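As written, the chain order gives the labels A, B, C, D, E and F, with residue 1 at the start of each chain.
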Amino acid sequence: MTWLETLITKGPQEGYDLAIKLSRMAVKLTQPDEHVREKLRLDYVNNADSLTLASQVVAVNFQTIAQANNYWR
Amino acid sequence: MTWLETLITKGPQEGYDLAIKLSRMAVKLTQPDEHVREKLRLDYVNNADSLTLASQVVAVNFQTIAQANNYWR
Amino acid sequence: MTWLETLITKGPQEGYDLAIKLSRMAVKLTQPDEHVREKLRLDYVNNADSLTLASQVVAVNFQTIAQANNYWR
Amino acid sequence: MTWLETLITKGPQEGYDLAIKLSRMAVKLTQPDEHVREKLRLDYVNNADSLTLASQVVAVNFQTIAQANNYWR
Amino acid sequence: MTWLETLITKGPQEGYDLAIKLSRMAVKLTQPDEHVREKLRLDYVNNADSLTLASQVVAVNFQTIAQANNYWR
Amino acid sequence: MTWLETLITKGPQEGYDLAIKLSRMAVKLTQPDEHVREKLRLDYVNNADSLTLASQVVAVNFQTIAQANNYWR
């Protein structure tokens, strides 16, 4: 399955969406069972620190994508 | 909804504000229920480690924005 | 054993796969016992924060690989 | 209130002080109540892992500031 | 004792080995007692999150070494 | 008190020592009471995850110092 063809996006907001996609894909590839993931999702979307940890992953991926796009300057 | 048009800001302080916005947006997109977010907010703003974790996300996003702005040199 | 000959990949998705491989290799080299690793795997693939922590490692490794490949631009 | 006019500092030590200021500002903007912050401070300055987590934020901010200053070379 | 003469390695795999060495050295310099370290090692090699945390340190050090080697391109 | 005059070091090992110094300084400036720090030190040098967390801070600071020194190439 092809899910990541390029890091280049039209603008920063699309780049941010891609950062979220990249962050979730690591989880998906580690825990392929959608049913389990759905159950775990209920845990972490109701826990402040879990959400902050997830934001941290998005931030690192967004940095990579921003670099790839020369910061959409 | 357009919420991120550019990473370019007038100065470092506006860049810092944008870093905070980016950090919160990841949480917002993961937990869209404002009512739940408000409840979680009460947890983490009263916990030292939660606040430090949140600062870490801001720091990574601020680094990205500072790079985008050539550090406002 | 040779397991890492180059950081250069055909595209970003292969780069992402390599990032996952790098992330797991650190664990493998620290805990060489496959039996123990398999048991630990059952723990962390059923815990949301463990999966997020693992995503964080993948994100850092992916950033390195993306830089190596000049972001596949 | 203007609190961040530039990332440029005279030398690395002033850069380190600014990194600490940036790190604390994220907390301040998230928890504006000084009384609560003072109480939380008593918690984390007496906990080794809390102090290490705070050092991590300072390290990321210091990296940004060092880049901005071309490492004071 | 000299233990780090250069960040330059023959290839990425040797770079990865050096990243592991750097990661362990911080622990060694903080806890010089080999006996204690051996006991702690038994804890963390049997805990999934501890292994992931350790992978994170390796990932950051590997990024530094990859940059030093111009990604072995 | 002047404690950081330059990020430039003779070689990578001196750079690593400086990275450790930077990491400890954030703790020192946050918890100035040496007596408390000594007590906390006993906690974290006997805990595997605390040592790993501390290594993470050293790794980020070492990356900054390595960049400053053009990786001692």
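Just so it is clear, a residue touches a chain if its C-beta (ideal position, glycine included) is under 8 Å from a C-beta of that chain, and two chains touch if they have at least 3 such contacts.
Everything quoted here is computed from the prediction, not taken from an experiment.
Here the chain-to-chain distance from chain E to chain F, counted in touching steps, is 1.
The chains in contact with chain B and with chain E alike: there are none. Here the chain-to-chain distance from chain A to chain E, counted in touching steps, is 2. Two copies of one chain, chain C and chain E, touch each other, and the residues they use overlap weakly: the shared fraction of interface numbers falls below half.
Superposing the C-alpha atoms of chain B onto chain F requires a rotation of 120 degrees, rounded to the nearest 5. Note on chain placement: the centre of chain B and the centre of chain C lie 27 Å apart, centres being C-alpha means. Chain centres here are Cα means. That of chain C falls 31 Å from that of chain D. The centroid of the Cα atoms in chain A and the matching centroid in chain B are 15 Å apart.
In chain D, the positions touching at least two other chains are 47, 49, 53-54, 56, 60, 63, 67. Viewed as a network of touching protein chains, the structure reduces to one closed ring of chains, two contacts apiece. Round the ring, the chains follow in the order A, B, D, F, E, C when counting starts at chain A and proceeds to chain B. Taken in their complex, chain E has these residues touching chain F: 2-8, 22-23, 25-27, 29-31, 36, 40-41, 43-44, 47, 49-50, 53-54, 56-57, 60-61, 63-64, 67-68.
Touching chain F in their complex are the following residues of chain D: 11-13, 16, 20, 45-49, 51-56, 58-60, 62-63, 66-67, 71-73.
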